[in-house]
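One structure follows; several queries about it will come next.
Order as written gives the chain letters A, B, C and D; numbering starts at 1 within each chain.
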């Protein structure tokens, strides 16, 4: 059983009529719905307005993969919560950051850069191209797939060079973007997936759902352990190495 | 003084009227022409029909950066010549592979993969986006520039993950491509630049010329040495380490 | 079932008494023996003196992971055989290169560099340190383990920067070495493991056996496909993309 | 002229007699002294007790490369100061973190991981091996050099895979360590160098001085610019791209 927590700031859907029509129960509910159909997935959700944002040390200890969606309320997530997420990833937990979560605290604190990008809302069509066809995350996706409308994200995207670049997006307005980026940090893995703007039903697109399912199975840790900073003995001391 | 050798198979330009009109003296001459305007560059050219393809151990020893263009005659370059180029790169020489040189022997032998890609000739417009604005190779290039027509290259491009991805191309036909890829191999550096199809005047575009000039200056070695496989002594032996 | 082929040049063991005492049936037999105890492994062996070195397109098509040991007879492996191995890896087959196979044709042709290193036979003790404790290949290995004697390999090791560095070796004579290096090339993965000199019973050490078992399970492909160089249509053409 | 600021927490040298004997004027003064002999270097120092730790936006704007040494007072550097350093690096400033600065705020905030390691003070001898002999930072260093005593640092070192691993340390107590690690983040570069414990005269060793001088020249930016997150127009709009 892979234990998944879907986190959503859940602001747009409750304050803007147009967004509510796309995701009436919230983006987290839409994601949890299609994930809930998998027999090996156990899904719960959490949102900004939950106590402690729904993120505690205990919740993270029971989460194999955390999915994060946020946009206009990144700053309302306390640093302490973001540090808990960061530390859980370094311990082994998987983290999937969706779309505007490029600017979320957990993503920025783990990558260390500004994660800035260029952007435009102009109903561009996006074509997503698979760069690594044999990777477990892109398995089952054809050479490319289309999203009829997405928010345009453009380069430069101020991130560390991804450990593996899996997808590049092509926008009808002329931009390109590193749309699927994989990182390993500490004992954990992080996957950034660019599509998922609140005003389009992107999370109902079969290929997007497949990418998220694949990523969950790839990021779920077999091993989870804090790698501390121990004082050690000489290995010739005939005593435990770590003091 | 940076010593540059521009190698071109020089077949299309002598056998196809349409290509001859674009590059009457050959692609190598067009490249040598704009490079020759730089005071710190010393440029010579070599082509497939020269004796030994114009590539000998001596020529490579006096070449800081080798530029390579080839397309339909890759197989007519003897393996021995390709190995000389490979070994010169491992020693420190810079290598710039242009466009269809993705399938050239020197490039494939140095990268080890098939370097396959998808392709189409359909007069697509290409927009090239800078991914790393602070890199010496992209210095002076704006966020993007356009080529009114280029051959379309598409992913997957079967290369090792580039040490640094500098440019991504966006084609009006829908494709994207990793158009500027930097590698370090042994003591040398390799830059792959995708634009440069024989039927378009790409090498007359100012930004393409700037990228090639920048790449030459970045790839020119300060150090050149064969890293051999020496039998060594214990470092406590009070004798030279390498036997 | 993971199908494994263990290839060994099998020269030392038949020509040197001292080596024959360590590996009377050959290194390949010693490796096949401990691998044969795994229920999910199906193991066969091949050696230099077999017809076609025991390596044909058919054998490779039925091999999920190929293990390669060679030392003094690298040149007796025909290029055609090495190319078959290379192409199978690009298609998805896993390749584990052991010890002196750093200079084998399949390894060099896939990595493109000289793979030179410094070396000494002086019965050094080696301590192998785990750099990535959460990686599937190092799973189950403690922080370090010792080999009472190994051939000393030293830096610089002329390889492309590994996609992931898993182990570093520490020799009592003073050297260090990147002893466990992971690469992805095309659709396949390559693991280089430094220990395994013919004159020491390294392949009987439990941690070495565990690393090889782990690597086999990590490298076994779920997907295997030639990524060709197709001529493609415009994606708007309402016809199959690949021509 | 390359403008260098050497930052030191300057606590050990003022509170421990033994350390004061090694660096009577402080580690920053010892570093500034040998750097001051270079004609193209302009050096200033700053310490924890200076107003604002001696680090303001103005100071960083006039600093090409910042050198950082800290150990027991990392937490006394306010987050705001660490963020200024981080942002200056993303803009293009070079950052050299020495020894125990692996746990400094600027280093951890830029890399995102815990930067934990194992450690022991046991007067081990350290041998430092050059992994990349052609890199500008290791230029002039032989295959290896020795430090008669250094604090032992051991793996796992919880850092992102370095963009380039330049040095590996070998300790007489048995450990190994990734002792020279290069990163690119945003428009800036970061170099981590492991030697430099407060109780040994490491910064008086010629090879250490050479590595630091080389690193300064390699990290000094030719270009410095904030890469922001601009709202952009369609590139067909015949208006400035960035709104």
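As a convention for this text, contacts are C-beta pairs under 8 Å (C-beta built on N, C-alpha and C of every residue); 3 or more make two chains touch, one makes a residue touch a chain.
Fair warning: this is a prediction, and the values are worked out from it, not measured in the lab.
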{"item": "Topological distance between chain B and chain D, in contact steps", "value": "1"}
{"item": "Selected pair, greater C-beta contact count between A-C and C-D", "value": "C-D"}
{"item": "Rounded Å distance, chain B centre to chain C centre (Cα mean)", "value": "31"}
{"item": "Euclidean distance of C-alpha centroids - chain A vs chain C, Å", "value": "34"}
{"item": "Touching two or more other chains - residues of chain D", "value": "118, 127, 133, 143-144, 154, 156, 161, 163-164, 174-175, 184, 186, 227, 235"}
{"item": "Footprint of chain B on chain A - complex, ascending", "value": "118, 127, 129-133, 143-144, 154-157, 161, 164-165, 168-171, 174-176, 178"}
{"item": "Chain C-touching residues of chain B, taken from the complex the two chains share", "value": "86-87, 90, 103, 109-114, 116-120, 122, 152, 154, 156, 158, 160-161, 163, 173-175, 183-186, 227-236, 242"}
{"item": "Complex contacts: residues of chain D adjacent to chain B", "value": "92, 127, 133-134, 136, 139, 143-144, 163-164, 184, 186-188, 221-223, 225, 227, 235, 241"}
